[in-house]
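Below you will find the structure I want to go over with you.
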Amino acid sequence: MNQTSWTRCHILSLADFVPAEYDTLLQTAASFREVLSRRTKKVPALQGQVIANLFFEPSTRTRSSFELAAKRLSADTLNLSAGTSSLSKGETILDTAKTYLAMGADIMVIRHQQAGVPQTVATEMDRLASGVSILNAGDGQHEHPSQALLDLFTLYSFLEPNSPSGFLQGTKIAIVGDILHSRVARSNIYSLTSMGAEVHLAAPSTLLPKLLAHITDGTRVGKLFLHWDIESALQDADLVMTLRLQSERMSQHLLPSLREYHQYYGITRDRLKLCQPGVKLLHPGPVNRGVEISSEVMDDPQFSLISQQVTSGVAVRMALLYLIGSSKV
Amino acid sequence: MNQTSWTRCHILSLADFVPAEYDTLLQTAASFREVLSRRTKKVPALQGQVIANLFFEPSTRTRSSFELAAKRLSADTLNLSAGTSSLSKGETILDTAKTYLAMGADIMVIRHQQAGVPQTVATEMDRLASGVSILNAGDGQHEHPSQALLDLFTLYSFLEPNSPSGFLQGTKIAIVGDILHSRVARSNIYSLTSMGAEVHLAAPSTLLPKLLAHITDGTRVGKLFLHWDIESALQDADLVMTLRLQSERMSQHLLPSLREYHQYYGITRDRLKLCQPGVKLLHPGPVNRGVEISSEVMDDPQFSLISQQVTSGVAVRMALLYLIGSSKV
Amino acid sequence: MNQTSWTRCHILSLADFVPAEYDTLLQTAASFREVLSRRTKKVPALQGQVIANLFFEPSTRTRSSFELAAKRLSADTLNLSAGTSSLSKGETILDTAKTYLAMGADIMVIRHQQAGVPQTVATEMDRLASGVSILNAGDGQHEHPSQALLDLFTLYSFLEPNSPSGFLQGTKIAIVGDILHSRVARSNIYSLTSMGAEVHLAAPSTLLPKLLAHITDGTRVGKLFLHWDIESALQDADLVMTLRLQSERMSQHLLPSLREYHQYYGITRDRLKLCQPGVKLLHPGPVNRGVEISSEVMDDPQFSLISQQVTSGVAVRMALLYLIGSSKV
């Protein structure tokens, strides 16, 4: 499959992504990463097309990344931000989406605090035979596909395998943090296991998914392993992904304190010694220094792939917008 | 009159719009609607010009529509939003406008909660011989010319008359809702009656204008009819325009409740049976479903022209910006 | 020195600006002022480059001016505004800046309520050998270089000297207002005295810098004179710069009331009679009419250079972005 054979219209979830799609996405992103290293970081691919960024949940980083990706493809962008939106005037989300459709939006990038909203809008757009594509930029505790794809592309760029197919075979990846509430973890579990990785989830038991009636530390479900002991998750790991801790988890009594979280689950230089030599660290950002990761580790260039993730984000979002946009012609 | 003979510099009110101006506007908008159906929905007409969107009153829909219109004419846009503006620092509106003039704005699109602000700024711009055009995007309870023009263009596109002149002759149009406080109604009354329509205003008597000492249900003023009985307004109507109900009308004791409003003035499938077969429904948006219009009617494609209004909005605003911009050369 | 010999990568402070740099800046701004008088006010100089406007302290005027300057150089812009930023999520400023670096920003324009932030970010960008330039758009009570440079360019454009070198020699300039807390005054003192002007600072003694153990009215420090009597500062002045009065100075008990401030330090027609005939007035805006300047003087075109300052702002910021951008190739 090459990019001319891309047929997916919406990017809502990675649950049903197939290997050929991952391959195309990674190769397309690699070609855009090339564009980004030029002095004029722009291509005319989507000139005259309109991309509406509908961020019902506030965001700086993801919105900027999508906006920049759109501009670098020469598309025009429209931004709707929570708070200033018509939603506060009682309009339903579907009516808002239909307004942007009627204005001529070609692609809508949607973030919403409620799981399923991008899917609902996509279904309506299809029902109307609108031709509009929906890109899920994070929906509640459901999925955040572009984040998982940029994480995957970061690993692909770092490891430089001969071919993308199953390039994480034999790799142990630890995901540490609030797995239960994390749309980032959920999307990553799909993509990482699809590429062959063994994924070890580590969290306080209140923040682990209740997948099974009886889970014990180290319980295995296919290529997934669940741990409430971070040490066993990190043991011999090739890669460590940390998740952002939302401060509201404290008020929900799921965690005693940030300090205690850091003591038991924070990534420190000592804990990284449990991993493979050359272990690399990822975080979707923004990082709470001294909570998920110690400041010392954050500033050590030998461990962190965090800024590579941000760079990958622009390339991957260009690739997604481009593949979706091209599939329409 | 063709577009090269357009001479109006500001769009502040439709009170003195002449038929030739309506004709030019409708024909220009029709040519831009064409552009919008292309894959590359962009023309270089206003390249290098600066359009400042000064929205002292918050707005998503109208601001997005103007912004998209400007971008599709290849103009650069500057956005000032209420709340983040220098106004909170004690600057007067005229001083703010003069700042944007000095920065090089060619056209200013102004929305303000106070009637008359766009006129005041336009007078000052003329006094300074600045050459800057002002476009009223809604001022208090005064006027909202671009909304009325997009409504008109929606009807023009739907009815496809041979010529724009007086194309609503013999048409009965009901406008239902808070007429008294509506800048949309006011602008529409000018444009619809100019094109020959008979306009029937229906509202609770507390929300009808106090035009005359003694009005009774069905009172006629020229081509305008006032009703507090919605049934007589809808009887044999060809078109129904509904107005958005502002929730603050309740706290002003002008209305008992939204539910009661819907019971007496809401547009339902049953009420539409009073109208001509083929009746069409308009609403400036955002719609309070179940208040101005029942959800069932909203979702029935046989009645609603609402999404056509949104599409018309971009074409009409492109036409306005283009005619104003071209008249300067 | 011509523009190809420009070597400064960051614009953080005017403390160490050398005469050749002022000359280049003024001449480059003059050529861009030319561009702004054309119908198509745009050049392709920075096409494909990304300018991130990071305004941690809210601003309309300065942000719009930088944004417009960037667009007129055909650069792409990304905006981060206080309140919506990741900062509220606990991220440090350096981590935020590194995120924009990783996204591919070429220049970051930074405003922050804390003095020194742009310098700190610039140091980090250099340490990372990032090639990214930092432009200080106002940091706490430290400096606001682009404001002082636009003030200088306004005087240069007004006076039309044969050469920029020392073109303010023999000129008396009064700066009136809250000198102590003003980053605008501080940057202007560097630029104006570098160009040869005698600068007279006038303020209530609570708002004058505590430069010396014993200052009396009229104390001289090099080319600087300190006054708490506005009349002696205005006496025979060629130019008067007023500073914006922040309303929080009242709650800090540094000033009795706005009315009293105006009575003793406000610029009125009568006070201007003390100056040279042909005296001109500047203000960085937004102006509190009736506080720093009487409304009558504000509206008298014979005195004010305020709108020229705004126009100069776009030309000077284009020049800064251009010189910095070109120095990278």
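The first chain written gets the first letter, and so on, giving A, B and C; residue counts start at 1 in each chain.
Quick note on the criterion: contacts are C-beta pairs under 8 Å (C-beta built on N, C-alpha and C of every residue); 3 or more make two chains touch, one makes a residue touch a chain.
Worth saying up front: this structure is predicted, and the values here are computed from it rather than measured.
A rotation of 120 degrees, rounded to a multiple of 5, brings the CA atoms of chain A into register with those of chain C. Two copies of one chain, chain A and chain B, touch each other, and the residues they use overlap weakly: the shared fraction of interface numbers falls below half. For the pair chain A and chain B, the distance between mean C-alpha positions equals 41 Å. The multi-chain contact residues of chain C, meaning those touching 2 or more other chains, do not exist; every residue touches at most one other chain.
Against chain B, in their complex, chain C makes its touches with residues 36, 38-42, 58, 60-61, 64-65, 67-68, 71-72, 81, 247, 285-289, 298, 307-311, 313-314. Listed in rising order, the residues of chain C touching chain A in the complex are 47-50, 76, 78, 80, 84-86, 89-92, 95-96, 98-104, 329.
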